[in-house]
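The structures come next, written out as structure tokens.
Both complexes below contain subunit A, partnered by subunit B and then by subunit C.
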Partner chain A sequence: MPVISKIEIKNASITKNNLFALLDKISKEKTLIAPVRNELEDVDFLPVDNAAAICFDYDNTASSAKEFFFPQYECMFTFSGASNASIKDKNGNEEIVLFGLRSCDVKGMKLLDKFYQRTFEDDYYLSKRRKSVIISVACPELNEQCFCTATETGPVLLEGFDIQLISTGEDYAVQIGSQKGLELFEKYKRLFGPEVAVDVKKLLAQAKKKEPKFNLQKVYENLKEDKVDEKFWEDIASRCQSCGLCLFLCPTCSCYTVTDKDTPLGESRRSRQWDACYFRGFTRMAAGYDPIRNNKEMIKRKYLHKLVQQIDEFETSGCVGCGRCNLVCVGNVNWLDNIIKIERAG
Partner chain B sequence: MIQKGKASNGVKLEYIPTTCPYCGTGCGFYLKVRAGELVGVALSKTHPVSQGRLCVKGVTSWESVIGSDRLKKPLVKKNGKFIETSWDKALAMVAGRLSELKEKYGPDSLGVWGSARCTNELNFLAQKLARAVFGTNNVDHCARTCHSPTVAGLVRSFGSGAMTNSIDEIKDAACIFAIGSNTPEAHPLIGWRIRTAKDKGAKLIVCDPRKIDTAQYADIYIQHYPGTDIALLNCMMNVIISEGLEDKEYVRTRTEGLEELKKVVEKYTPEYTSPIVGVDAELIVKAARLYAKTRPASLVYTLGLTEHTVGTENVMSVANLAMLTGNVGVESGGVNPLRGQNNVQGACDMAALPNFYPGYQKVDDPAIQEKFEKAWGVNLSPKPGLTTTDQVIQAKAGKIKGLYIIGEDPLTSDPNITEVRQSLEKLEFLVVHEIYMSPTAELADVVLPGASFAEKTGTFTNSERRVQLINKAIEPIGQSRPDWQIVCDVATRMGYPFKYADTAEIMDEIAALAPIYGGISHDRIRKVGLQWPCPDKSHPGTKYLHKGKFTRGLGKFHGIEHKPPAEVPDDRYPFILSTGRMRFHYNDGTMTRRTHILDREFPFMFVEVNERDAERLSLRDMNDCRVSTRRGQLTVKARVSDRVKEGVLWMPFHYTEAPANLLTNDAFCPIARTGEYKACAAKLEKVV
Partner chain C sequence: MFNSKLYIPRAAVIENVEELTYDTKLYRLRFKNHKSDSNENDYKPGQFVQVSILGAGEAPISICSSPTEKGYFELCARDVGLVTGALHKLKIGDELGIRGPYGNSFPIEEFGGQDIVFIGGGIGLAPLRSAINFALDSRASYGEIIILYGARTKEDIVFADELDEWNRQKKVKVFTTIDNPQKGWTGHVGVVTTLLDKIKHKFKAKAFVCGPAIMIHFTIKGLLDAGWAEENIITTLERHMKCGVGKCGHCYIGGKYVCTDGPVFTYAQLNSLAIEV
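Entry: the complex of A and B
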């Protein structure tokens, strides 16, 4: 069952003030997650109980919002004793509305939607996603670190969204792209205005022309055909210190590890937490055998996974060009710089 | 019965800003809290130290303090076993027994160990407990095991014992000289600055017996023997002076004692020094020239220098080198000891130290004594007290009868733990604050459960003297309590009421008594902290020290002769055994061994052996082998590589089930009383 039931795009509009009013209403009637700028000037997604708490003026949030569907730590179930058991669904998932997600992160979410249905339905992720509606906001322009034009994941989307807002100056053009989006629109119809048509294809072409960043097809080929010099991989491997952050931050990273642990107050839990392929312990097997023979292979694997394998499988780039991993590395590994080097190889 | 997981769909998610509980870099990040539980860590892009980055320990720190075996109730030992009891009963026992011992044997029969893992406010109260309530200056903490030579050495050379420059300045240095510091593993976010400097074209010189990550990309890598730093540094100064590369103007106007230095370094020619340090003479010459000619040069060091019987002299030697080349009191230069623990700088500032009052005001200075007597309303002892090292020694000698240890585990982290055990067992009373049971706590009469960094508000001071807040994110687990509150109760029960509404109020008292913290308050440090010296409420803090003049006026050169470690290899024990730290674990592993991703990476103890040494012993990677010293033996896995120098063995000390300090030598720097963790004599045998 798809997470997003697509409908034919319906166009509308909303003024800046009405958007504020809409979000304020939603914040009181549902659970609203939106970007918040705190007193330390960091901007990230948090639950808000009024629209005044929302930050509208940001490039992109520190995280991609995957925390709300695939949290860093999640209790899967609790257990006690050894007797036969029944699973009681105490997952109090309420409906959430997520406002302010950028196109790249919407694409990232879409890829996770596919991933978590890939071999079996991951109910922990999907139950939350199915109860959520995302109001995404297209980016007016790219910044130095992001590259959605190259990965075809933005700055505005043709489809695959619930509700998409596109700035028209002070106000927004609104596009409704899914059944859930339509239901939300219908509920708060009075706050929306008449159709404002947007030529999304033109916007995308303009953005790509202005900032192409790199040619993904070339990168795909150079990686698939192993045309990149060994020294390139050696350099990255020598810099990586296995902090895991580039992967924890990545909107499309989905790996986790499962632990059975007691809490300090004696509750036995099976939990899962974010894991990453940049730890040797991630691939190492019993008796110490590691199919990843060295750090070079470990590094290379991520590039192949996101820029070749996921393209092959999901027909969309595994990297959504959000740029977050560029500035998170204590070894100064810049993912975008490296992709451009790969493009130029061979 | 299985119940499906709790609500985890984003509601009630909070970000609580805090400071990392691990190393002395002092990164800022947010603890993620959901339904009253720690559920993760989020980055802070704006934090001046972490700048949107973290190391693997920081990002997993949420898991480290929620282990199921957190101590939740006070424990009292009865017939050799621990029994849970109430706070009231436990505190009554603690206050009662300590009062008895004080009455019977005198105040100096007691000792208090503050904690470099706990807040400034706790440490201030710990030393106040010792001084104003017990009546003794026998107060110290685990800086004794690591950087007290830094304090002792730099006070002698510069007048102030702290890191001279700020962490972020390192990335703009033209040259970085890193000696005895495995920066990318022990201080990853400082290692990042070194990496950045190199990427920007800076020159990097690394001196370490192990081929650490920075050695791999250094311009010059010197792999010298453990315990030969003075010879190496003297040789560099010999080259600099004989080639006229010193900063003559700087030396003339800002220092004293050059002649004494010259006299001593004269004989440390490259040819003389090379066999001592085990390094090519030419390489030392190259390093000397590069360091002297590339300015500003930032000198970075940690325990490779301090954890020796000549620790204090090692520190004075790097101070010599930096002064000779005019690199102190300049931006992106300096002498930069990287403090190891989240609040070891603070614990020193707060004077959990036997010879200082808060703010490095001397205990044996009558004017200072009078100031504190007035502030606290009691008579105070003018006699400097015993260090932790000497408290342990004197416990064995029967002079120390009672110890109050907060958040430290000497049975894992002191050298020659067999001796330490004998000492602690002789005590008449031992009380320990802990978050998890430890080997030391096992020996205690009373164990008091403390609240972790996530369960209380207070301040830590990082290596660059930045005072920062930790903010309470969750309620104390079980019946654990913030350590500062426990100390208040003990003091009050012993007849001196400690009454503070909160830790902000304690910081106000600190600011009133310690001039370097004069302008520090919780309100002022809320966003980016403040670096001391910060003398008053309008002062913006101090980025780097000794600009224009040293704290003591002129910088002082000291002529220092090389002296080998207390125990050197011989026929029976032919290897040099050194010990240290890894990126994925932290000190005695209390927190990291309980964190899934960290322990998974390195779950067992090992010894690093050089390939050629391994071959001679028919030892292969992952074979079992026995490492023995005169003090004990351990059977561990061998990790064979070219990382350690031939003739050298290296072990981490993170595994309490195989404690490296069973083997290390309880030989101490006579000035700073720090143990020689970095060098003793060992033998290695294959176990079949």
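Entry: the complex of A and C
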């Protein structure tokens, strides 16, 4: 069963007031996750029970929405003692509606959808995705930290969304791109206005006119042909503190570790939780052998994964250009600057 | 698949435990409940399972029996980590969990009629044993079989009886070596690569190599020097794994997941992926 059943894109519109009313209604009837500004002025996704709690004025959220489908800590099953018969599968979930994802994050989610369906289907992720509807909001313009025009992941989406909102100044043009999106639209139809057609291709071309920060194809080739000086990798390796924050915030990072733990309630849990390839020990085996011999190889592996191998496998960049990793690095490793250096290496 | 849900292990019972060395045991397993579509011998040589010990966790372990043996499968484990440590405490009749079988397999069936060389180091003989017994169970289908096996000391030799038994079979030769001279050892001394002389005339044979990383590295180098083609050298990689199904990311290397794209690779493949061994 596909995560998204695509349909021919249907156009509509919605006024700002009606969008507020729509989200307020959804928040009362379903679980709504939306951007919320907290007391530290960070905007992040949280469950809301009324539309007044939603922040509409933001560049992007501090975290991507991946945690709603791939939680930072997720109990896979519970058990007691050594008997496998005591195992209780904890893969259950409710329908959620997510509002306010940016185009780059929808693209990141699409990559994860493909990843979790390749080889073996990961039902813990996929069942949550199948039950969710995403209302994404195209960025009116490129934010300072972002580079989605270079990674071809925004600021507007051509396809692959449930419902996409595109600002028309006062109000929004609405595009419905999936069966799930259509069902939501039909349910709240009276809040939507007449068809407003938007030329997304034209919007993308306009966004691209502002010089993209790098040429992805060139970056891909230089990495694939190993044109980058070893000193470049050594420099990054010397500054990376292996905190893993860039990877936790990355919309397409999905590595996890698994632990068994007892709880005070007497039942034990096998859970998965986020892991990161920048944690030393990530590849170390029980007897001590580590095939990733040093930080340089560790760093290089991430760049190759996102900018070469994921493009080869998924035909879309593993970096979606959200720029979150650059905002948090304690070692002042700037992913974007480094990509530009890679581009110029050849 | 042995298990019907991706992450939920299937209960298996330990039918027999055999101490192979001071730190290595051989476990014979049978599933607790049987279903028509998946039996104990529903795997291929070279595949592995995720062994689950509730409370301790999971670890990938190669199946070391041959699917030609019905009604059970065998795992060989050295006591080196959290899960294998917990496994070593289990006794006959105890229960553990199994997911799998996972990974690709040794392409042994494709090599009918040909000479085959197996080169194992330490516990690396375990996955090879599956392919060796598979080949020997249809003996007429293969040419000469040569097994080179190296262990650190004579106490580290696994499957000692079987090495002797294989050596007694027609058109099978087994050469065993230990790293350093030892009292009571009259056989060959030196690392396993010092045995490569015994097979240099067989450079057209398929060579299956498994052992510690450093052993694989020097064995492949030796084979290449002796004229082996990169496509004819087949090895199996060991990696840290949590899921076994291409999701957790730990075994990811060169754009491949060792658990689903491997663990068996030809040297030609490893080279094209820039994976160093």
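As a working rule, the second predicted complex is superposed on the first by the 333 of 346 C-alpha atoms of A that agree within 3 Å, B and C clash if a C-alpha of one lies under 4 Å from a C-alpha of the other, contacts with A are read in each partner's own complex, and residues count from 1 in each chain.
Here, contacts are C-beta pairs under 8 Å (C-beta built on N, C-alpha and C of every residue); 3 or more make two chains touch, one makes a residue touch a chain.
No experiment lies behind these values; they were computed from the predicted model shown.
Participant: So if we stack both complexes on subunit A, do subunit B and subunit C clash, or do they fit?
Facilitator: fit
Participant: Taking the superposition on A as described, I'd like to know which of subunit B and subunit C A:Phe214 touches: first, second, both or neither.
Facilitator: In the superposition, A:Phe214 contacts neither subunit B nor subunit C.
Participant: Between subunit B (first) and subunit C (second), which does A:Trp335 come into contact with in this model arrangement: first, second, both, or neither?
Facilitator: Touch status of A:Trp335: no partner.
Participant: If you stack the two complexes on chain A, which partner ends up touching A:Thr257: first (subunit B), second (subunit C), both, or neither?
Facilitator: Both partners, subunit B and subunit C.
Participant: Which holds for A:Cys277: it touches subunit B only (first), subunit C only (second), both, or neither?
Facilitator: After superposing on A, A:Cys277 lies in contact with subunit C but is clear of subunit B.
Participant: Could you say whether A:Trp233 touches subunit B, subunit C, both of them, or neither, answering first, second, both or neither?
Facilitator: neither
Participant: In this superposed model, does subunit C or subunit B come into contact with more residues of subunit A?
Facilitator: Per-residue touch count on subunit A favours B.
Participant: Specify the angle subtended at the CA centre of subunit A by the CA centres of subunit B and subunit C, expressed in degrees to the nearest 10.
Facilitator: If I round to tens, I get 80 degrees.
Participant: Contacts for A:Tyr124 in the overlay, against subunit B (first) and subunit C (second): which applies, first, second, both or neither?
Facilitator: both
Participant: Who does A:Phe79 touch here: subunit B (first), subunit C (second), both, or neither?
Facilitator: both
Participant: Considering only touches as defined above, state whether A:Thr31 meets subunit B (first), subunit C (second), both or neither.
Facilitator: first
Participant: Touch test for A:Val308: subunit B only (first), subunit C only (second), both, or neither?
Facilitator: After superposition on chain A, A:Val308 lies in contact with subunit C alone.
Participant: State the minimum pairwise Cα distance, in Å, between subunit B and subunit C in the overlaid complexes.
Facilitator: Nearest C-alpha atoms of the two chains are 9 Å apart.
Participant: Following superposition on chain A, which residues of subunit A contact subunit B and also contact subunit C?
Facilitator: 76-77, 79, 81, 83, 85, 87, 89, 124, 257, 259, 262, 275
Participant: Touching residues of subunit A toward subunit B in the complex: what are they?
Facilitator: Of all residues in subunit A, those touching subunit B are 31, 33, 38-42, 44, 46-47, 62-63, 67-69, 71-81, 83, 85-94, 96, 124, 128, 131, 238-239, 241-245, 248-249, 257, 259, 261-266, 269, 271, 273-275, 279-281, 288, 327-332.
Participant: Enumerate the contact residues on subunit A facing subunit C in the complex.
Facilitator: Residues in contact with subunit C: 76-77, 79, 81-85, 87, 89, 115-116, 118-124, 254-260, 262, 268, 270, 272, 275, 277, 282-287, 289, 291, 301, 304-305, 308-309, 312-313.
Participant: Can you check the complex and tell me which residues of subunit B touch subunit A?
Facilitator: Touch list, subunit B to subunit A: 1-15, 17, 28, 30, 32, 34, 38-47, 52-56, 59, 62-63, 66-70, 72, 184, 188-189, 191-192, 195-196, 199, 213, 216-217, 477-478, 526-527, 583-584, 596-597, 600-601, 622.
Participant: Which residues of subunit C touch subunit A in their complex?
Facilitator: Residue positions touching the partner: 5-11, 32, 52-59, 78, 80-84, 94-95, 97, 212-213, 238-240, 242-243, 245-253, 255, 257, 260.
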